[in-house]
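Both complexes shown next keep subunit A, but they swap its partner, so subunit B is in the first and subunit C is in the second.
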Partner chain A sequence: MSTSVSKSVWEGRIPLAFSIDGSEAQHFGAEHTPSSIFIEVPRTSYLILLTEEIRDLYRATGLTLPDSTAEIWFEYQGKPLKWHYPLGLLYDILCISEPSYLQMEDTKSIPWNIKVHFRNYPAAHLFRDQSAATAQDFFMSMIKEADFLRYGSTKRVMNLSKSDQTQLWESLCSNDFDSFWKVNQRLIPVDDQVVRHIPLRLYLPDDCPVIQDRVSPRTEDGEELTMEQIIRELLPTLDTSKSKAVCHGVIVPFDTPIIWASRNLAYPDNFLHIALF
Partner chain B sequence: MEADDTGGQRQPPAERNILTEAVTDKKELKDIISAKKEKDATKVIVQFRAIGNAPILKQKLFKITASQKFQAVNLFLRRELNYAPSEALFLYINSAFAPAPDEIISNLYKSFGTEGFLVVNYCTTAAWG
Partner chain C sequence: MPTITKLTRNEFEQSLNAFVETSHRVALADQWQLKKDRFGKQVYITKKQTIVCQTSSRQAECSTDFEICDDVPDIAELELASPDAGIICTEYHIVYSTTYCVPVLYFNAYFSDGSFLSRNDLEQHVFSKLHVEALRTNSLIQQGAISQHDHPILGQPFFYVHPCDTSALMAQLQIENALSYIISWLSFFGPPVGLYIDPIYVQKDWVKIG
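Up next is the complex of A and B:
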């Protein structure tokens, strides 16, 4: 594993600019519409981890807001943002892959303009049960899915003590690289150990359903496969010469070996999340 | 941010070109996306297995539309068990993990299906964390 690459992935950040509609600010008792609020967050973080801070920041601008964060949600260009997706992944899908696909003029939106809502939660698009505890459950489930894909069981995760499991999530929340990897290194394969499948998800533009399948990292002859070979296997009709794969805001060369990519570019949930366009 | 206060020395950022580079013909990609979005009538055979005190179903195998999300499995099982939405019901795949409600059944089957089934365990108290 290349520590410098996984450290860069961990240290990747996105500047966010939050704004609120005037009518909504008025509804909550503000005399003027507050100006944008700027926060920089790790790409590996989740919106759900920001709701309390956002509530407090908007309270400070004069809004009278309830203590509960259950009604808070976020929107970008009319789309409710999934609070259980890493922020970096949402950005790659919505600000890099989609605009490029639709051939929109400005594909890179920095800071990323996100609209905050404190009411009318879109329960048809987002899970109702939004809380840090649920987000932690989803995160651990992803880690177990990844474990199952790699080794055919969740033994490695289940062998971690309760406090080690908690440490995975809490070190993500506190953006503590060393603390995270102290536990996570026990989940990833050592050196030449062969895993059955690579935990991988592909995201195409335009609200396309997510693609996930059993992905072997090697051919039957033991030859290591590249990102391009894997993508061709999953999407045989895609012309890869006209496509791009984005992860952590960076275009991943198609000849990247999939095993290297999985070890170095996976999100903390142990999945390789690739936006393709 | 856009103001140029460096006496015209500032160049437009070069990295923009890579990301904005027009993908000239995206027909294949468009076709793939519309095919993926089409309502897929393919069915996945789900095998329900009760754990602990959960009531056992008379019939254990059901065909469920593959393009649906996992929450459809939850709703379906609740109907079969006559469970209200407020009653606790936990679903797991392969006695191992609980997928998110928005995961697609066909993806779960392709990734975790065994011997032609997608095994879904269910119980009334949390089993595998």
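Up next is the complex of A and C:
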């Protein structure tokens, strides 16, 4: 594993610009529509970790908002944002995969303009019971699934002490690289240890369901597979000569060995999340 | 004969076909429907149920005072019959887990105004009272054996019963074919979340023949 790559991935950040519709601001008692609020966050972070701060900032602009954050949600171009996805992943799926993004490369589509809502929570599209605890549960179930895919059992995760399990999530929330890796290094394969399957999820445009299947990192002859070979196996009809794979805001070359990608580019949930366009 | 603990996708889909076909044949009230993903490839099955709570208050206790209707009744008719009835529609999906190679039970529930039940609402109105406490306990997941996940085929949020221990549980049984696997699995995983299986499934000889 290359610590410098993992560290760069961990240190990736996105500037966000939050805004609210005038009618919604009025509904909550504001005389004028508040101007945008700018926050820079780690790509590995989650929207749910921002909801209280956002509520407090809008309160300070004069909105009368309830204490409960249960109705707060975020939207980008009409799409409710899944707050249990890492922000960097959402950005890659919704912004970089847009055809207009590459044309705007000079200016980039940053800050990322996100709309805030304080009512009419779209429960058909977003997890209910929204809280950091729900996001943590989802994160831990992904960690567990990654463990199972790699080794055929969830022993490594289940053998972690309760405080180590908690440390994984809490170090992610506090963006503490060293604290996270202290625990996570016990979950990843050592050196050239062969794993059964690669924890991988592929995201396609147009709200296609996420593609996830058992992916072996090698051929039967033991030859290491590349990202392109894996993608072709999962999506035989995709023309890889016209497609691009994005991870952490970077276009990943198709000839990247999948084992290297998994070790170095996996999100803290131990999955390699690739947006295709 | 070795017992079956996991299913391949093919075995899973074949057993769903057999299960739905049989459910229509022997248990006519059982409304299992076979569904396919938008590419016509992956198969899953769904079933809708209606729970009538004899109270209009969502917070009110209705532990013993409800009935489960297998066919979805006309809501207007029900309200006429008992003006205080609270009606909850539940929707169950059996979907394949490519990671764990086992069936997974996904579900959602709605009040009659279309709003979704939260985890607390589910405990109060849908889950079996016997299992509520056990479902809260899990060493890794704070909310217990049930939490939310995006439906693997629809991409929408559903509740689901965690599948990671399914194959260990199924290893305790003597299961000889994929159809009896689905039936035994459902008899374990359904009732805690309000999905009861008609005893006719386990009485008939066809279960053994598969």
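The criterion applied here is as follows: the second predicted complex is superposed on the first by the 266 of 277 C-alpha atoms of A that agree within 3 Å, B and C clash if a C-alpha of one lies under 4 Å from a C-alpha of the other, contacts with A are read in each partner's own complex, and residues count from 1 in each chain.
Here, a residue touches a chain if its C-beta (ideal position, glycine included) is under 8 Å from a C-beta of that chain, and two chains touch if they have at least 3 such contacts.
Keep in mind the model is a prediction, meaning the values are calculated, not measured.
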item	value
First, second, both or neither for A:56, with subunit B first and subunit C second	neither
Partner chain(s) touched by A:124 [first = subunit B, second = subunit C, both, neither]	second
Partner chain in contact with A:277 - subunit B first, subunit C second, else both or neither	first
Touched partner set for A:136, first subunit B, second subunit C, both or neither	second
Partner chain in contact with A:233 - subunit B first, subunit C second, else both or neither	neither
Touching partner for A:224 - first (subunit B), second (subunit C), both, neither	neither
Broader residue contact with subunit A after superposition on the shared chain, subunit B or subunit C	B
Contacts of A:214 with subunit B and subunit C, given as first, second, both or neither	both
Partner chain in contact with A:205 - subunit B first, subunit C second, else both or neither	first
Touching both subunit B and subunit C, residues of subunit A	82, 84, 127, 137-138, 140-141, 144-145, 148-149, 154, 158, 165, 207-210, 212-214
Subunit A contact footprint on subunit C (complex, rising order)	37-38, 98-100, 115-116, 118-120, 139-143, 147-150, 152-157, 162, 164
Parts of subunit A lying in touch with subunit B, wherever the complex brings them together	82, 84, 96, 100-101, 103, 105-108, 127, 137-138, 140-142, 144-145, 148-149, 153-154, 158, 165, 197, 204-214, 235, 237-239, 242-244, 251, 277
Residue numbers on subunit A that touch subunit C, as the complex places them	82, 84, 123-129, 133-134, 136-138, 140-141, 144-145, 148-149, 154, 157-158, 162, 165, 207-210, 212-214
Contact set on subunit B toward subunit A in their complex	16, 18-26, 28-29, 31-33, 36-37, 67, 94, 96-104, 107, 110-112, 128-129
